[in-house]
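What follows is chain A paired twice: with chain B in the first complex and chain C in the second.
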Partner chain A sequence: MALIPAMTITIVCFYGFIIWTFVISLTRSRLLPVYKFTGFEQYVRLFANERWWTAMQNLAIHGFLFIGGCVVFGYFLAILIDRGVKAEGMFRTLFMLPLSMSFIVTGVIWQWVMNPGLGLQEAVRALGWTGFEFNWIVRPERSIYTLAIAGIWQQVGLCMALFLAGLRNIDPNIWKASRVDGIPVWRVYLHIITPMMRTVFFTVFILMSAIVMKAFDLVVALTGGGPGFSSDLPARFVVDHILNRQELGLGAAGAFVLLCTVIAVISPYIYFELKKERGGRGH
Partner chain B sequence: MRYNRWALYGLLCLAAIMIMAPVFIMISTSLKSMDEIRNGSIFTLPADPSFAAWSKAWFGDCTQTLGEKCGGLSSSFMTSVQIVIPALFLSVGLGAVTGYSLAVWKMKGANVMFAALLVGMFIPPQVTLYPLIIMIRELGIFGSIQGLILVHVIWGVAFTTMMFRNFFKTVPQDLLKAARIDGAGFWRLFWHVMLPLSLPILGVAMILQFTYIWNDFLLGLTFGGRSGQPMTVALNNLVGSQFGEKEYNVDMAATMLTALPTLAVYLLSGRLFVRGIAAGAVKG
Partner chain C sequence: MMKFSKIAASVAFLSVGVSAGALHAQTAEVLHWWTSGSEQAALGEIRKAFEAKGGTWVDTPIAGGGNARAAAVNRMLGGDAAAVFQFSIGQQLRELADQGLLANVGDVATAENWDEKLPPLIVKAAKYDGNYIAAPINIHGENWMFYNTSVLEEAGIEVPKTWDDFIAAAEKLKAAGVTPIGLGGQPWQERIMFNSVLLGVAGREFYAELYSTLDDDLLKSDTMRKVFETFAALKPFVDEASPGRNWNEATNMVAKGEAAFQFMGDWAKGEIIAAGIEPGTTVGCAFAPAIDTAYIMTVDAFAFSAMDGEDATPAQTLMAQVMLEPDVQIAFNKKKGSIPARLDVPADSFDVCAQTAIKTLQDKKTHLVSTGLFGVPSAVSGAIDDTISNFWNSADMSPEEGQAQFQQAISYAK
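And now, the complex of A and B:
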């Protein structure tokens, strides 16, 4: 009985609505759903749509830079903190502070910092370095990179926290043994600790991928997908076509393709989680 | 060895400065006048700090807009509060009960349901957006606070259930058996045994749900309409609006105001937030 609300939500609002969206994507719906089936016509239109491909390409670029940046910087910060520093709590708090802010807030802050006329570019030029250029946000071929900067700034603290938790689980005897053998610290991290942390790396990768696929707020607040559609992302393409452009069928097709991408990335994770669940009972 | 220590602290301080710089720039810009912003650099401190931009961001400025809307962020702040509080209690409450049922009362299909929920947490909201719009419209609560509350409960329940279920799984079986032998039924076991045990996880779930709901943008944008505009949506409109000259100090003050409630929760709850954010990250 107590399960009924949650079960209804799961079945109807998650899985039922996914099917509904898929059905809409097979129709010619524009402003309102019209249930006249046209097969995969919307998908053909979608794959012929230049803006969609820009968005998908941007997703790949942004995903690569954002996930890569979060993993590298997050791991690096975790290692620094793990070296037994004083005021560890303070550093941790500072690094995780951006996490409490929304992507809209993050986007607005960075839009201001990257403002070519009054922001960082101008500030550095005023210091005497007059040739300095940092106007990516208004350059179509560079605007996508600005997303990764703001995204990493916001999420690096989470990656750090996850890596730090992983490092704390490492058997301290490994450090004792490596000290006896005289192995330099950086080599212990690179050759011994990092391979032991592979499940943490895997988790971080999955979490960050999930964030990347849903990325909508950040691009809206930071670049508005612009200049033009140069920094558009699939999530924004979908919302724009459903809410503003009266291209419901096309938007639904985009949403479904996005879902397939998510499933492709997430399914190994779900598989391991459930396997762990089943294996965990024996212990 | 001593040089290593210096390098270590040097790097940590550098990282801390890089993370804090945008926040510092935001605060200092919000305290400057527009003349100072135009003539100075983003790194300089405000010469004559003033809260004028803050009050403009909060109360609004009726001289500049076209008479259509002149409220500042204060009205959408209230909207956000009205959304967050019920949505928070409903989604956490429902998650606690569902997680408890799944973990303790091993019903048929409990694992299938758990797997379905786990997958559900990763579904991008865009995928079910339109059907959800239709449903909320059919219920007659589109563009209202009630509609937004319902949508947040729907989107939050997978995550809260998952947290509580994983926690309740760790409760020793003997304790449950003892309670059941004493005659505790479904609800008595929940209220008198499980809920008191789960206070820490309850705190974590509340903090994270508060943060997620407050920070939400997509659902507020889609379902809020004109009357149910939460703060993030209002902020984005304010910054994006093109009337007259852009007032960066007001933009930054508005950004600070939008960020303050979650910042406060983060700083006050400290370790609980840190503990939970890892578990909650799944929802992104």
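And now, the complex of A and C:
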């Protein structure tokens, strides 16, 4: 009974709007929703759109690099801190600091750093290395990587904190036992600790996936989708077409395809993880 | 319930008295996206005139054109429309009129004879079903070329009249170590330069026909290929840091002499004046190289929500009237950097660039429309920006491929 308000809100605001988006994507709505159905015309237009495919491809590249980078660097940093560095608090704060900024601020900071006329490239050249090149942000074939750099820089602290919490939860007896057995530290991490951390990895993966799928503000602030549309992402494509282009129908079609992609990518993983957990409990 | 509140409202209305009622009728909420210094100052001129005639102005600024347009439409659909709102004239505005959301200000327009005083292309875009649904208040030009006079002098070059001249001049400048073109690398800025090339290479008749018909044969023609070739030939004249740069930074490059030319709308004059330079002196203005004279117009306009029924309220009528008064037009446009939408306003108090524009526009053959929001459907305008920017920024795309992509994107969007 107590759940009815929450359920109503979820059903209307979540599933209701998914259905509404799908309905709109079947019309030729431009500025306003117009319920004149044209079948799957918007999807045909969407799939013929060069920019959409660039955006989808970028989502894959960015997703892979961003999630991979966050997991690898986050875990690595967590291990280093867990090994008992001096001034642990300072390092933790240092890595967590970028997290306190929005993606917009992150984007602006990195836009300056990576601008070939003002930032890192110019600074290094001024030091005497005149051949130094770091102009990825203005090179269409490289611009997508700059998103991953800025994204990882911001989120790696969060991943580190989660991993660190996981590492601190490991039973100290495991370490004592491994020391008695004379197993090298790296092997303990690789073969014993990491498998025990599976749920933390799962959490980090889901959190970072959500950030990737809705990535919008970072690309707006950092590259504006450019040069050209080389660093565009689907979420920006959708917002741009709904708000600026008055192409409600096409934007809705893009949003729906994006949703289907998310479900297709994430669901096998979730299914696998949940099933494993349930199975594990039985033994 | 409904009835009761109506009765209560009318009782309250009567008790306050007729004079308060009349005052209320002259109140207009104005929703706009003019938040920068010069824009605020320009809008302030309209406000002053409106208030001098007894109107009450309720200001609702929303940063960003896209946001403001979305807010205006959302509030309209939600039944809480702003009486007057800034909006681009053209297709989207007509879509609002289709749904009966707009009031027409045809009475003022007839009384003031807008049909005669505004450029015909703007009249066409501001009308729906033969009636005015918006007040177009200014004309910005997009095919301007701003240049640093001393840089040109030092390199010993004249202001180029054709694109071939320009390329020769740019070679010289590049050899002398100056960036020939200061370009802000955002899609709409690249489109402005492209449209200048299109006009310059293909001529104004081709331009007008291409964008009014969006015809496949024209898009596939050899003339169009020549345009893409010329545009591609400009790529080496832009510095590395161009992508993502804002237009005003590029204007500053020209003002400081770091770059020789900028192709930009006349709002760049505001930036030049802000740098302490009178337009026409250190920084000169000329039309972008072209085979004939033409002016690519872009227009700012205000539209009017249907408050109760079809007719414009007295406040809306007053606003429309004030906006196109000659004195207001002069004061507003001098601050905005544009020229009056009315072509019969005396030109002598404007700067040289604006005077050139006003004089040029006396010849109706020079009138062309911009493809940013006004002139073509916004989906087409977006597709143009996308493909031009993509072509400009890819090192290995041939003019043929660029042309093919351009044609395809437009045919899908229209």
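By our rule, the second predicted complex is superposed on the first by the 253 of 283 C-alpha atoms of A that agree within 3 Å, B and C clash if a C-alpha of one lies under 4 Å from a C-alpha of the other, contacts with A are read in each partner's own complex, and residues count from 1 in each chain.
We take it that a residue touches a chain if its C-beta (ideal position, glycine included) is under 8 Å from a C-beta of that chain, and two chains touch if they have at least 3 such contacts.
These figures come from a predicted structure and were not determined experimentally.
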item	value
Touching partner for A:A48 - first (chain B), second (chain C), both, neither	second
Residues of chain A touched, compared between chain B and chain C (which is higher)	B
Touched partner set for A:L99, first chain B, second chain C, both or neither	first
Which of chain B and chain C A:L118 touches, first, second, both or neither	both
Chain B versus chain C as contact partner of A:L259, first or second or both or neither	first
Touching partner for A:S230 - first (chain B), second (chain C), both, neither	second
Which superposed partner A:L243 touches (first chain B, second chain C, both, neither)	both
Shared chain A surface residues [contacts with chain B and with chain C]	111, 115, 118, 224, 243
Chain C-touching residues of chain A, taken from the complex the two chains share	30-32, 45, 48-51, 111, 115-118, 135, 137-138, 140, 223-224, 226-230, 240-241, 243-247, 250
Interface residues, chain C side, partner chain A - complex	66-67, 69-70, 73, 77, 91-92, 95-96, 99, 185-187, 239-244, 377-379, 381-382, 386-387, 389-395, 405, 408-409, 412
Partner chain A, residues of chain B touching it in the complex	8-9, 11-12, 15-16, 19-20, 22-23, 25-26, 29, 37-38, 41-43, 94-95, 97-98, 100-102, 107, 111, 113-120, 122-132, 134-135, 153-154, 157-158, 161, 186, 211, 214-218, 222, 232, 235-236, 239-240, 248, 251-252, 255, 258-259, 262-263, 265-267, 270, 273-274, 277-278, 281-282, 284
Chain A to chain B touching residues, read off their complex	2-3, 5-7, 9-11, 13-18, 20-21, 24, 33, 77, 80-81, 83, 85, 91-105, 108-113, 115, 118-120, 122-123, 126-127, 153, 156-158, 161-162, 165, 207, 210-211, 213-214, 216-217, 220-221, 224, 235, 238-239, 242-243, 248, 251-252, 255-256, 258-259, 262, 266, 270, 273-274, 277
